[in-house]
Structures are given as structure tokens and as C-alpha cells.
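Letters are used for the chains, namely A, B, C, D and E, taken in the order the chains are written, and counting of residues starts over at 1 for each.
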């Protein structure tokens, strides 16, 4: 096992820069998840680590060695491909044996390891079938098995659950979790499913446009996004953004003029926002941090009209129109009884407020929030 | 809502399948089933050149075709020497040209399968020999191999490799070589196209998976490429062999089976018997044998290469 | 059509007439005929020139249809089996006549002895069946014996070998270095070469009652070849040399003597210096000095609806004048002996060559026999290994014999 | 990252020979592949080149030594000759008519039948399709005897008694035998690739089966039809054996026969043969150069898909 | 517009009975959603209504007419296919025009309707593009437009959103909702996505095995499943089932003996469950109706051990093992701080309890619950 270190890594395809200078430290035994929208360079990063692509620039280090020039078969890694990439003409057993055979492992060790791994994944009875005779979830486990059986320095997994239906996905996610607890092999995991990212990761790296936007613990990143991209990318329905002008009220408090409504900035952000007085500032608030407040405390309460009510079973999502004309979503308790056209007052949870520079998208309050959390 | 009443439109709709499939089936029956039946029928007949009548002779055509003629009686168990030598020629011709063009075609297809710029151009350049009329190709090669003014002797002499001219087409063994070269030239493009299509069916990710599994190039070919190529190999070989067994064009325009009988193959023998000797019965018998051999070859190829990688 | 039957009958009775009034309802001659030629007319400039003359003089236009040589007999057979009238006349070799005549597909040409009398009897025998002429001989091709006078002189011979024995004895001396003493056309034509030597040996393929009789003399022929090969008199690549190759090599000075087709003489005259080429009568075999002849002639279809014009065409194309014209234009040796005395011809060719050509014409032999292509194929099949020394001559010929015999039994001739 | 802009580097880049972005061994192999392919292409095109220049040489140059690899005195005379002295116009017209008609029949029937096989589950459709595919396995030469017999003496249909021997019709009928099963198969596979929901959508939009087929599916099948048509055309245009057996005069003979006529018993007129050969080869070369992708797709649809 | 009525509808393919006698009333102007697992016959039902398949048995009525024998082109319906089925060789405009042209609509009306519809769907600028030049969401709108423009009696939609990514799906769902408000065309909608089903439907029909298991308003069906299939099918993570023996306690209360733990049945179910005393009964409880109750009221509190913690952003899903060894899931607030191995007490929300017959899967308390709700 080994840690992986990427330094200023670049991968250029003809006219596309798929990976645009990323640096990322993947500690030994960690479970690092790469997330990001489609085309942001997640797969390419993984393939660079695997040695399936050659880096245009930068350095890849696995353990102590710089491996830029080593081919995939010379690196001690195992990869789970998005669509499994099982050999369709080989049995499950032979699929699992293949990698070991290629590494000149002794016959009895191969047999033993395959048997062990199959037991671990509960696929012993499937060993003599071909991939086409397996269900999606079983194939998935075989793909995992093929990687695990090798006991490599690093696991790379490229959206390994993306083809499964919701139920199976939840199951497999749990199994992956257990597996990592057991084996502790350094793992780099790509997904575009946030729930997966949040639940599996020790460390999450949010990518966009070939660059890493933010790295950190999942819950940390979720509640302290560095910029609007990260803020908007994580969470569903995604964070609401309201843009306004930052002003100082007669009472010396800061407030955001939303053009028809006013949002009062909690005091703790005053320091951080001071430099931006008079500028345009974007307020971010997650739907689940908005509460309906029909009787309402006057401060930070925004009147709005209910446009769409989407009961989703465990929660109900409301689409609302603020008095300012802006649209906003709120996720509320399923037993909340509102109907289309109702007028409601919204209360934003003050602990969950975020402020961004609308021009650059950078968070204006990241540092102060993180500091504050650290002191709490 | 309105339910339209249009009986004709409805009726035509109901007759869609009979109207679209019927004519073709009738047609195919007429042009394939009927001639095949007629072939079988003719193979039991003999045309008497004196009376010009077709006489029923039972299995005589087959007996004479396959078994020895000595003593005016068909001696069972001893093969007709012509049959043996022509079968040998056919086997040599088909065997060599198919295997050479297969290996060559596989090589070129593997090269073309690389991610090359201008691959379309190469493919165009490579495909052309196959779409020229075989007659023109055959004559072209006859011209290339012509002993005095042919380009091959000319070039070899100019390069100082030979001094006298080599009589390619008038020496039995060399004529067979020339024929095989022409055949390989004509049919390799076909192999290339089919195998290339097969290569493109190999899921790219399996190469990646194998590479991650630590497989060398050779191992990747056998464990990934080959299983996926098998169906294409099957098609390429089947069609190629059938083409060669039946290909008269090249042989007829290049050597007419000569010199002597050294390049006579089943196809040219059949043509000679049926048309030149005007002995349709024997020709038909040979046709029946050819059909049987073809089906046997196709069946055995399917045995060898038939399993697709996705089959259980 | 009903017309064809009656005209066949008519023709059989009108042997001596010149054919001007055959058939019913054909007082006026058709102004067009369809003529099937073997291969492209481009290779028959003599025929082409004569057709032009015919069109000019008679006003009948000739539509020439070229059929690949190997396919002509089959095409005609097909057409006639359907009693189709598309073909009026065709040009082909005498060997096909037996099959065609026995099927009643050819119209007697009604050429009287005034026309036929000018051909040597060896030739008229080939084209007449039961006294009727079915083909008008147009031009011929037969073996001729040529030698390199200069080289023979250098080796101390003033004359070429005259008999097979001399071919064998002189041949050894004439074969030196890359020079061969004797060569003959073989490739693809082994049956023709075989027949030529068979006639020189006094044999023939069939007797009058259709029985194959070639084994005895044929064995002598093959043994003669064996002798040639064993003593190194014939060139090594012999089996591979066709007509063109033999000619080229002879012109290139590789052979002392050669038996080949007549046009090679003209070529040597053109390409060699004066006096180097010599011509002689074919070497005498055990019984005769005969040569094989390959004669092309013109026949008329029994199903033609324009028989009169077609017959006129056949006659016109084989007159003395046409024969001469053909020889002058194309170098095809005339099949009319008188032509060799013509002044124009004499001025074109040396007299000694003409003399030998005429001798060959008059002493040529041939046969017409049923199922010719198959018979030839059965022979060919056995001759090739025998000529190469891969099969015992007698055994080979016996195999051919039994195959041919069986074929004739199948047909019902035996 | 520095990218040098010299033309050589640009060429190396565009051919994928640079190594910066790729494993050196991959770039090396690619260079080798270019080399091998170039050699192969040169070798296979040399005979075509040689016969082409032969067609531009006067006969005297063709048969003179030493042979020349560039015509000393290029002339189009051979081409003029074959159209004036020889009925190449007739042969060309015959070839056009035969190939075009065969192609039309095959794509018409092949298209509608292929469509039904692709869309409908009718009685015995599997085995019917199998037998159509199996028909492709029959070596045509085995059938020259019956074809010859049938064409020269066709079975009585509708009181017709004539012979079809030596007619273009005979060739057309015969060529559908090679091409129709193939056309059905290619088109069936092609239609399989067009989602059936489009037909259904059309029917929902108010089309009958026929209208859905003609208005929606057929326009989408154009590339498949083109591939089928090109292959059928080429096969018919190039066919020799049946043309040899079934025709005997210029009223029906096609170009391949015309070219073979330059071969006489013992002499070949190479100069004119070369010119005729180039004429016969022209559609093939043009199709190959301009419609290569249709040929490839037709062949793969027709062959590889099982 | 028209209502659709299916009566004892059966569709038999060779040896598969795809639709096995369903009767369903689809009221005029309603939005009816068919849900069910893969292969349960949803698509077949839709195709039967469309006239793309012929019914083996039963009756289909659109408006006043029995249409069993009418061909697709004779029924006044429009269908949106899963993969859109846009004509790739026609422009957007021509795609939309085609159906109208087939119905011999006057040229000026066609032009007008296409224009109106395009505006409604905001695809005016796309009218001259081909489908291949559109993004997935745009294609989706064109497919809808093509149906809408026809103004048919009935809309049929077969998983029209299944190809979209999560974000776009949410958007499109909202648009469909608005559209139906505006046009009120009777709509039958197939999906296997529950959120879609819950948010869109006026009426939801849950299918399984070619049969309809339950029909009703979405929230009603969600909270009052008729059987275990429906209960388990709706909701994610799905409902927990705990099987036990129904007994009467010394206090005269009913309780379920879960084999090591006891669950107290609320009094309101006593009547309904009376007949099953002594039988095996399955208790159903949704994960979101389970609360952690670390200090805990004793009644109906089940001790459990936390096995897996899956923070999912807006909620955290816990996998727990009850003392009885049974596995159970709970969905709790994201700020709940539990860790693997923690021992907790679970409290089941008594209003959300369900009881089933484990043998037949039928709900034992459906009637009593529905009754009670009606009286509230």
C-alpha cells in the first residue's frame, strides 16, 4: 500500500485540456473521492494514475516512486471500470485469475486468493458462470473481486456503481464501505453521485474544468464551500443563490438589498464582509435550511408565494417566488400543509448562510466560518 | 375523438408483410430453389453429342467424376487421377491464397486499427483491388507476369536479380504461384475490411482492463482481441474460402487451367466440362460435389470459430 | 422455323449448283448477314479485309459478332439447340464439323467442284460429309520446319536433319551451351503437336469405324520425345513454352531448328539478316512426312433465314482471290495451292519458303472426330505427364485410349 | 508547456508521432505502422499503375524492350480505338443497363423485405431469413449448368417461349441471384439499427404502416440503401463467369467479356486490353475513392452482423 | 379530451402474460402515473392504449368509443417515448408539423400551432435545428412539443425523463407539472422513478406482475399501502419489515413478539388485528419514521447498534442491528451525531405503523387506517 501524490498534473488531448494542473495528495489508506460534473476530468485523472494515459506535464508519485513513465502493467494498481470491463468470454473465476496469472503468481496462491475473495464478496457460487449470466450487481461484485484479489498498492474505481439501480446502489455502497474498513487499501474513487461521495469519502475533491476546486472532508466541504461552484454542485435540490447589494443599515448592521426585499446579514459575518460594502454580493442558502414561518419573527423573514409543491415522500420540495421575483426552493417536512398559491414567510437558518462574490464566485466568508468552527 | 373509417388503408396495412416479403421469397425461390433442383436433376443426366438428347444415367456422372476410369469401368475405390490432381490443385490454391491473404489482412487490419491520422485514406487505398472486375485484375496480373514485356520480369532484370526472363505463367508451379499472388492481391482487402470491423468491436476498456491486470501485448491479443475477432475471422474465412472455391474468373483469364492441367481447379474444371465440352451432366455432378464440399467447410469453420465471446 | 427444314433438303440436292436459288421465298438475297467470329476480328486482318471487299462487291453488309474463342462452340450449340436463327455464318476450325453435322445444324454450302476443286484433297476430305460440303476452307495453319542456316553451317552441316533419326543424331551435336538442337510448340497445344508427330509416324487417332487407334504409333512418338529430352536436345523449359515463347527464343538464336507454325517464317525473314533463316520439309517419321493442319473455314447455319446471302459469303471468302488477299494482308498461309504461284505472293515471300509451305499444305493431314474437345482433353491429360517423363508412354496412351473408348461407348458410336 | 511551431513538429504532432503526450513506444509503433502501410499501398497499387500506363502507350512501345515504367509517348489512342474499332459503346451500355437494373431490383425488394424481417414477427421469419442468408453460401459456379439450361430454355411462364440466352435480361435475372439475398440481409441489419419507436411514433402521428415506412423510415435508411446499391452495382458490373456463359454477342456482352476478348488464342493485344480494362475498372476505382465508407459499412452490415 | 377506461385488459405474448387483467379508470384531465418494477407491464399497458399492440382480451375505451380494433393512427392520442423517438432527419419544426400534416390540418393552423407550442416550451430558436444538434433536455422538450401540438385526446408518456441526469430531471419534472396545469389533457405517465411518480401524479397506479396492486392519490398510497409490495416499492430507503407473533399482553394490550424484543401495538389497531392474534404478523415502518431516542420513553423503544452511518447531506441514513439480530434502516437529521458501534434506542412513529400478513403480503390495517383518516 502506498500514498499517491499528484503534482501540477496536466493532460492535453488535441485541443482539450482534460486535466489542467492539479495537485492532490492522497494519503496512504485513505478513501479519496473525486466528484465533479461530466467532462471535468475525473476519469482522465484516474487513467493518469493508472498509467493508461501519459501525463503531458507534472508528476505522479505512487509510494516513493515517480511513475510518470511506467506503463499500466508496470504499476501496482487495480482498477474498477465504470462498466466493469469484465472479459465476457472468461468465467468469473478466470476473470479473477487473469490479473494474478499475468503477475506470475503461483498456482496454489491464485486458487486460494480467488477462493478467499469470492467468499468475501459472496460470489462463490458464481465462479463458473460467465459475466453475461450475472445480474448487474453480481457483475459489479466480480469487477470488484478482480481488483481486490490482486491486493494492489492502490485501488482506482471509476463510477463503479453508476450502472446500478437505486436499491442495489445503496447495498453496494455499504459493501464498499465495509471493504475499505477491512483492507484499508488506498482508494481513489470517481463518481458524480453526491450521496456516494458524501457517504464513502474520507476526503472529497471537487473538480471542475480540469481543476480541483476544493479538497477536504465531505461534511466540511458540504457546509463550507470555497466557491459558488462547489456550493451549487453539492446538495440536491441545490443551494439557492440570491444576489444583492451589500449596504450598511442605519443601525450599523449589514444588509443585502435584494431589490425589493432586504436580507439582514448576521453579525458574525460583518468583519469578513466589510471590504465588500457597496458591492454586489451573492447570498447562498440551502433549501433544507429554509423554514416556513407563517407567523414569523420579522428579522430575516422573506415573504414568498408557493408556486410548485413536490411531495417526495420523506420531504416536500417547494418552489417559491420571492416578492423580488426571484425563484427559490425550500425542502420542508412532508407533513407541512401548503398549497400552490399560498403566501408564506421564509426563514433562513443563520448558521447556514454563505456569501459569495458574484463576479468570481469565491466565498467571502469561508475563512471566517472555518475559523469560527475551529474555535467552537 | 374521431375514428377514421378507411377500409382500403386498413386492408393494405394488414397485408404489409405478405406484400413486402412475398415477392422476394417467390423471386428467391425461383432463382435459387428451382435452379438447385435442376442442378440435382441434371447431375443424373448425360447429353449425347450425337443425338443431342439428355439421357438418364443414374449416378454414373458421380462415379466417373470421383473414381478411376481405367478399363472403361468405374473402379470403385481407386480415385479418378484427374479428380485427385484437380482437387489437390484446388486445395493448394485455396489453402495458400486464403492463409496468405488472411495473415496479411490480419496484419494490415491490426496496423489500420491503430489510432492513425489519415486512416480513411489508407482504407480507401487498400480497398480498391477488391472492387475491380476480377477479369481486369486477372488480365492485369497476366500482364505483370508476362515473360517478355511483363513488369515483374522487367523490374527483376532492372534490379539485376535475374538475367533471363522467368516464364511465370507457362511453368506449372510458377503459374500456380502467380495465380495465388493475384488472388491474394484481389481478396486481401476483403479480409482487411471484415477483420477491421471486428477489431472495432473489441471494447476499448478491455484493453485497459488487461493492461491494468498486467497483461503483455501478446497476452492482450490472445485474451482480449482474439475472442472478439473470432466471429469476424469466421465470416472472413468462410466467405473467402467459398469465393476461392468458386472463383473461375482469375484462373480462366490468367491460365485457363494450364499449362497442362497444372492450375486446373474445380471451378475451371466445372466450366470446362459443362461449357467447353458441353457435357452439362458431368458439370452438374461436379456442381453438386462443390455444393457439398462448401457446406462441409462452412460447417467445420463454424465449429472452430463459431463461439462468440458473449455466448455462454 | 419451317423454312429451315425445307432448305436443308433443298441444299442436299443442289450440290452442283452455286446456291443462288436455294429455299422457298428467297428469290431476293438478304442485304445483311450475321457472322460469328472466334475472338476479335482485330487479330484477323485478312478476314477483315475480305469482308470489306465482300460488302463492297455484293452490297450485303456483314455484322460481325466476336465471341471468345473458348466459348464459340458452346454459344453456337446453344443457339442451335434452340433452333435460333440469329447466326447466319461462322468461322471456326474443321474439328467442330463432326459434332455439328451429325446434329443437322449446318447447311450444305452447295459449292460445286469448280469451287472446291482448287483445294487439296486432304482438305476437302475434312469438310465434306456424305459428299456434301459443310465448310468452306478459309485459311490454314500448319507445322513448318525452320532452322538457323548460319549456325548449322558453323557446326558443319549444310542441311538440316531430314528424319527423326537424324534429328536425334545431329541434335546432340547442335545442342551446345544454351543452344538447343530442336524445339517445337507445345504449351497448351500438346494434342496438336502430338497429332503432327503421330501423322509423321504414320498413325492416326481414329479409324473409320470410330475406334481409337493411336496407341502403337503414339508410343513411338512419345519415345521419340523421350529420346530428345534424355539427350538434352530440346530445351529444359520446353513444357512451358508456348507458340510465342518458342518464336521469341528461336529469333533470339537459342534453337538450331524448330517445328512451329507457319507465321514464324515470316517473322524470321523480317528480323534476321538475309540468308540466315532456312526452311525445310518436316523431318520424316517412321511412315510419312505429314504435318498437322489447323484449318479455319466458314459454315452456314441450318437455321439461318438468310442462307443465300450466307452461302454467298462463304463462297466469296474462300475464292482464290480472297485466299491470296488473306495471305498478303495477314500472312495466313493460303489453302489454295495456286496462290503460291501468284506473282504478288512470290514477290512478298522467298520462293523456297513458298515451296515448303505448299508442300506442307498438300501433305497436311487432319481428322474430324466426334466430341473433339473431350477427346483432346483426355489425350492432353495423359500426354502432359508422359511428355515430362513422369508417366510411361504406353501406359499413358492406354489410359487415354480407354477413356476415349468409354466416351464413344457412352455416345453410342461404339 | 512549450509547443514548438515548426512545420515538421506540426506534422509530427498531427500524425501523432510526438512523444510528449504519449508513451514513446506507442509513437514508435505508429511510425512503423505508417511505414508498413505506405509500403503495402505502394506495392498493391503498382500493378494498377502499370496497366494504366500500358493503356497510354502505343502498341509498339508496349511490346518493345527494355520495358518502360513511364510512357515515353503517352497517347489516348488506345481509348479512342476501342470505342471506334470495337463496340465498346455497346458493351458499356450493356454493363450500365445490367448493373443498374439489377441494383434497382435488389434495393427495391431488399429494402421492403429487409424492413419486414427487421420489424415483424411473422410465421417462420427466423427460418426464412436463415435460408436467405444460407443462399449466400451457395457457390454460384455450381449453378452455371442449371442457369444456362434455364436461360436458354426457360420454363413456360405466361406463354413465353423464347430463349433468354444472349439477352441482358438473362444477366439481370441471374445477378439478382447473387445480390438479392445479400441486399435483404444488409437492409435488415440496417433497419435493426433504426429504433422501432420511430415507426411507432409515426403511427401515433397518424401514419399507416406503409406511410410510416415510406415517409419516416425510408429517408433514414438512405445510407444503408446507398451501401447496398453500391455493392450490388459493383458486383453486377464486375461479374464475368455468368456473362461468359449466358451471352455471345455484343447485344448483351458486358465490359468484362469485352476486355477478355482482347485475349486471342495466342496473342494478347495488351495496349487495347489495358485501355478496356481501365474503362471496366473505372466505376470500381471511383466508388472506392469516393464511397469507401459505404462499401465498408455495407460489407460489415452484410457480413459481420450475425 | 377524454377519459380512458381499461376493463379486464389482458395482453399475452407467446408464453408471457405481460398484462394480466387490469381494470383502470383514467378520468378526463387527470394525470395518472403507472409505476412498478421492471417488466411489470407498464410499457405494454401504454402500448395497448396507444394501439401499438392489440389486446388479447378485455376492453379499452377512449372517451365514448371502444377502440380495441382501431389502429394507432385512428386513435387520437399522442405518445412521448422513452428515447424521444424524434425523427433525426427532420428539423424540430418538421418533427412537430408531421403529426398535424398526417391529420390533414390546414397549413395556416399548423404554422400557428407549432409557433404557439414552441413559445410555450421556449424552443422557438431551435425550430430549424435537427435533433442531433440539441441537448438532452431540449430534445425532451421537442418530444413533448410534438405531442402537445397535436392537442390530442390523451397523452401517453413512457419514462420520458429516464435518460436525463438528475438536475435536468428535476427541471423537466417541474415543466411537465406546469404544462399539465395549463393544458389539462388526460395523461398516462409511466416511470419507475418514485419521486417522479409522487410529484406528478393526481392518481398513481402501482403495478406488479401485470396486475395493478393499488390505485390512488400518491400521498395516500405512500402512507396507506394495501400490501407489502406497494409498501416496499415506494420510498427510499424502503420500508423496514419486522416479522413477529401477535400476542396479547397481560395488560390486554396487543404486542408483537419479535423474538427477543417486543413491539407494542397502538390501541387503535387492536380491532383490526384482533383476528390475527397468535399469528405471524409483519410490522412495517419507514426509515424516516424512526427517531433516535437516546434517553427514551420505554414504550415502543427498541435498542439497536449502529452499523453504518451514511451522511447524505440533507439526511443521514443509519443501518442498525436490532437486539433481535434483524437489520433496520433509519433516516435521521444530518446533524445527528452517531458513530459506528453506538448503541441507540429507536422510537417508531406510531402514526406511521403498518401491519401486514406475511403470508399474503396484504395489509391488515389498511381499512381501519383509511377509515380513521376519513373521520379526522
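One rule holds in what follows: a contact is a pair of C-beta atoms (placed from the backbone, for glycine too) under 8 Å apart; a residue touches a chain by one contact, two chains touch by 3 or more.
From a predicted model like this one, the values you see are computed outputs, not experimental measurements.
Chains that count as touching both chain C and chain D, per the definition above, are B. In the Cα superposition of chain A onto chain E, the rotation angle, rounded to steps of 5, is 180 degrees.
Separating the CA-averaged centres of chain A and chain E is a span of 28 Å.
For the pair chain B and chain C, the distance between C-alpha centroids works out to 38 Å. Averaged C-alpha coordinates give centres for chain B and chain D that are 16 Å from one another. Note: centroid distance chain B to chain E, computed from Cα atoms, is 59 Å.
For chain C, residues touching at least two other chains, in rising order: 71, 74, 81, 242, 244. Of all residues in chain E, those that touch two or more other chains are 71, 73.
Multi-chain contact residues, meaning those touching two or more other chains, occur in chain D at positions 148, 208, 244-245, 257, 260, 262-263.
Of all the residues in chain E, the ones that touch chain D in their complex are 47, 50-52, 71-73, 77-79, 81-83, 85, 87-89, 98-99, 102-103, 146, 150. Put simply, chain E touches chain A in their complex at residues 165-167, 170, 173-174, 177-178, 194-195, 198-199, 218-219, 222, 234-238, 286-288, 308, 310-315, 317, 319, 331. Residues 70-71, 73-74, 77, 81, 99, 102-103, 187-188, 190, 237, 239-242, 244-245, 248, 370-371, 373-374, 377, 380-381, 384, 399, 402-403, 405-406, 409-413 of chain C are the ones that touch chain B when the two sit in their complex.
By the touch criterion stated above, chain D contacts chain B in their complex at residues 14-16, 29-30, 33-34, 36-37, 40-41, 44-48, 50-51, 54, 62-67, 69, 109-110, 112-113, 115-117, 120, 122, 128, 132, 135, 137-150, 155, 173-174, 176-177, 180-181, 184, 208-210, 234, 237-238, 240-241, 244-245, 255-257, 259-260, 262-263, 268, 270, 273-274, 277, 280-281, 284-285, 287-289, 292-293, 295-296, 299-300, 303-304, 306. Contact residues of chain B toward chain A in the complex are 203, 205-206, 208-216, 219, 223-224, 227, 307, 309-312.
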